[in-house]
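Structures follow.
First subunit A sits with subunit B, and in the next complex the same chain sits with subunit C.
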Partner chain A sequence: MSSTKIFLKSSDDKTFEIDETAARASETLKNIIDGGCLDGVIPLPNVSSNILPKVIEYCKKHGGDNGSSKKIANGGVDKDKEILPDYDEEEDKREKVRVDELKKWEEEYMDFDQQVLYDLMLAANYLHIKGLLDLTVEKAASMIRGRTPDQIRENFNINSDFTPEEEEEMILIEDEWDDEWAFD
Partner chain B sequence: MGRKRTRKTGKPVRVGELRPWSELLTEVLELIVSRLCLEDIVRLSCVCKKWQHVARSLYVVNQSPWLLFSPYGDGKFKFLDPSQGKLYSDQIPELKNKYILCSKDGWVLLSDLLCRAILFNPFTKSRINIPGYHASGVDYFALSCGPTSPDSVVFGIESNDAYRGVTITMFYPGDAKCRTDRYQNTDRALFSCGASPVFCNGLFYCLSRFSDKLVGVFDPQKHTWSILPVSPTNLLLRSHQHRVMHLVECKGEVLLVSVSYPDKPFIFKLDLSQMKWVELESLNGATVFISAYSSLSVTDVPRISRNSIYFSKMHCYGKFSHVYSLDDCKYHPFNQWHDMKVILKATVWIEPPKMGHLLFEKPLYMLCMSL
Partner chain C sequence: MASRNSAVFMREVGSSSSPNREMKMADHSRWSELPNHITEMIVNRLGFPDIIRFGAVCRSWRSVYTEVRRPRYHPMVLYEYNLQKGTFGFYSFEDKKVYWINVRDGYQSRHCVGSCESWLVLSSPYLRNYFLLNPFTGARVECPYVNRPDVDLFTKVILLDSPIDLTTKETNYYCTVVALNLFSTELNICRLGDARWNVVLKLDREHFLGCLVYFKNKIYTLSTSGELWIISLSGPMLRATVEKVLVQINLTIGLEFQKECYLVEAEDYLLMVIRIKRKSTKKTVRFVIFKLVQNPGEYKWIREYNLPDDRALFLGRLCSRIVSTTEYGGLQENSIYFTDDKLLHKARVSEYPETGIYNIRSGIITPYHSFDLYPFDLPHIWITPSV
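Moving on to the complex of A and B:
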């Protein structure tokens, strides 16, 4: 399907091209397009040229369905199938292949450092790309899970801005919570 | 982190300077925090002041209800936390061969094959027998609040057309037995309960099966039953389809949610001062969770769509349509349902205990990835 080209301008004045269908993965862009204000280039003052291609790459992959739902190959005629236990196994297999392929793509796509993560997360938030926001937020959460405050600071290059007294107090609180929530 | 992969897709992205993570946009940080368990949130709050502020503002917030269901009706149960997109599995033999009659505050009221009723908490596994409570014939049940609260009462209603009244069974947890009383309907009206009753401001509200003009109200303290004549909704004029009605308590008001997929659901508020159903265009930020035997509402839960109705599988007819948003008047997919193509039995929304996910060592599935 041929599609209208949209031009996006990054914060540092570089212009990028994207298909309209892909751009629609972003709620923000979708609203601009549907609003009919498409005389030329859409400026994105919050997204730099470092990160915009990465965003476009995601949109291309998820164009049209804003990443929160997957495409149904046969156009949703299987509406009633979920009720029946004997759903189409072939379709199920194809769907599984698609899902696996997408997961693999996502894994490779998401292989970057915390600086890119930071920018991408904010870009996804600003552009309202739900699927990308979910992915990036989950990646950030996974860099926090099971880690001590020191390890978290190291992961994200954060300096503690607590006074030594506050630090001490917090260690106590942390221990308290640990005790309270020890279930086993 | 130890990532060793060298393959990259697309153009390599290189960004030189460090990012000010400690100043991360609050709304984004909130999204991150909402994906963490309490232990992680506590540790995160020790990282820096801004993170502490966000974490503290979040970890006291309301929780999302979970959907309790049994994929195969074999005693294996799953909980779905829609806010985290996680499934927790548990063997709950106590729920095998039981019918769920209603749920409240993390408890369910069950009936066994002999129609004996039991109060059961699937999280703590505690149970309270209800001596002499026979569930057969009883149309609908409701709980005022969890049975560990002092003013908890189990309420069951059964219509009695010959007598032009209702039979109401009540049980106060802790009592030796339940009590059953017959009440005559106001003006000898015919009244048959048609939806799970709700408890709101000390009263049980029941909706007539045949007419939204009649709302039955039971006062469990004064033991009075009355039928209120209410100006009807205009649903019959607008829609000829069969509609399923649900009563929900929301911010101290009784709501009527009328569902008929793929039509849009209608929501009405019971206006007691004017005795009429007032249609609502918005839930004012609240979220309503609908299931056949228990419906409830929440406000301000992270990662739960506001102004929306969440359906249980039993009440969803379209393949990916499990959330209805009143903001854009559309049904929306609910990603986490993707892998579940089985018929779900005993589906009920239930309020988990605070940080209930810590009860489960490890979720069997993590379906956080959006597809």
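Moving on to the complex of A and C:
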């Protein structure tokens, strides 16, 4: 499929190229393209040059489809899928392979530290890329689940800004198995 | 011991000392400055108790946690509670784990007399008073003073509203509280802002069966003579209007059995669940479910042989609730999760309080936890966390 090239300029004045079909994964870019303001470069003052390639990589993978990425982010194939009489097993297998492949890609794609996660989340928010925003939000949530506030702070490099008086008034909620798992 | 840092704040309800002091903004992580709508997206993906821990990370996350409160979470079992020490142990069906909450100074309370969603109704005998406590937030709301010697003797308490206004987070003084006394002969009512409790109904020759439920803006209870009492409250003085109807049920049980009645609000219907126990062993053998059907001028209990699709029933003397097994993971559908919480006001009892899951189709009873929840002598209470 031939496609028009679009140029994006990062906050630190570096220009990147992206196919129009891929760019349409972003609602913001889609609106600009459809608005017909395509002469020249689209400036993205909120996205830096170390994040923009990452965003483009996502758009290339998901260009043109905004829906399916959400399905993957929410856990992939529906386990309870009802088996209908004219159910195509081959088609289902191909679908499963496709989903597995995409999950694997996402796993590798999402392998970065909390600083990149933060920037990517804001970029996805700014560019209205729902699938990517869901993906990053889910990653952040997974860095919270099953952890103590101390462990969460460490994961996100946050300092507690509560006063000692507030700490004094604390009610404690404890996980019985913290002893064994807290420090793995 | 587990880390003491896994903590939540106690939120004083109706407290005037709101901490308005200067906030130190030293060395903030960018994560605490995330746009609120994104932080909310993260919070919305967290269950219990992760959400409480999220709220204990930093001030900015705490403010989002306070804003984005979802009304209720997965039902849990409160299986250990030392009110004097302020210790609560919960078992979650969702992740099959046990959680603990410790409150520093305890509550000077002897008995838990009721539970409603996330609220426990506790008695403070020396003050001749009852108070409501949400152990998950530490929110505490006092009930009006009871100027009577049998203050200790409420055995069933229900809340008709939320005791906390979810918008202002202040006490909802219009929240109505309804209570049955020990002998189930009196219906006591108050609003949290009232000066005292009022006895609105008093029975002489019979008594209520200890079940009390709020369903479609009316209070329902059963009396020993088999009458269904439908009570409407109206006006600023909460005047009670009573409709009494004799509704027959078609159920014969053998002499070696005894029955206990529960009324349950099940979405659009009112259910009466009858628990049949063997007299000799005091063990539950079976449950029978009836649904209240109202035709013009006539009420009927219709036998139900199954729960609606993907539903499970939590059944207890203090509170019962029907839940969707699709919405809440880890539950078996068409099953009754039951406990024996009627002995609560006796503190610790010698007999082992019965608990289990009753499969409605097969009639088989299985335990709901794979290990024993220690200690074994406290009646389990259903509780639905909300923060």
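Quick notes
FYI, the second predicted complex is superposed on the first by the 150 of 184 C-alpha atoms of A that agree within 3 Å, B and C clash if a C-alpha of one lies under 4 Å from a C-alpha of the other, contacts with A are read in each partner's own complex, and residues count from 1 in each chain.
As a convention for this text, contacts are C-beta pairs under 8 Å (C-beta built on N, C-alpha and C of every residue); 3 or more make two chains touch, one makes a residue touch a chain.
The shown structure was predicted, so the numbers you read here are calculated from the model rather than taken from an experiment.
Once chain A of one complex is fitted onto chain A of the other, the partner contacts of A:P53 are limited to subunit B, with no touch recorded for subunit C.
In the overlay built on the shared chain, the residue A:P149 is in contact with subunit B and with subunit C. Touching more residues of subunit A than its counterpart among subunit B and subunit C is B.
When the two structures are aligned on the shared chain, A:T163 is found in touch with subunit C, with no touch to subunit B. In the superposed model, A:Y109 makes contact with subunit B only, not with subunit C. In the superposition on chain A, A:M121 contacts both subunit B and subunit C. In the superposition on chain A, contact of A:L133 is made with both subunit B and subunit C.
Of the two partner chains placed by superposition, subunit B and subunit C are both touched by A:A141.
Subunit A uses residues 114, 118, 121-122, 125, 133, 137-138, 140-141, 144-149, 152-153, 156-162, 167, 170-171, 173-174, 177-178 to touch subunit B in one structure and subunit C in the other.
Across the complex, subunit B is touched by residues 50-51, 53-54, 57, 67-70, 72, 76, 78-79, 81-83, 85, 87, 92, 99, 102-103, 105-106, 108-109, 111-116, 118-119, 121-122, 125, 130-131, 133-135, 137-138, 140-141, 143-149, 152-153, 155-162, 167, 170-171, 173-174, 177-178, 181, 183-184 of subunit A.
Of all the residues in subunit B, the ones that touch subunit A in their complex are 1, 3, 5, 7-11, 13-19, 21-22, 24-25, 27-28, 31-32, 35-40, 42-49, 51, 317-320, 332-333, 335, 338, 341-343, 355, 358-359, 361, 368-371. Taken together, the subunit C residues at the contact with subunit A in this complex read 1-10, 19, 21, 23-32, 34-35, 38, 41-42, 45-47, 49-50, 52-54, 56-59, 61, 97-104, 135-136, 138. Per the touch definition, subunit A reaches subunit C in the complex via residues 114, 118, 121-122, 125, 133, 137-138, 140-141, 144-150, 152-153, 156-163, 165-167, 169-179, 182.
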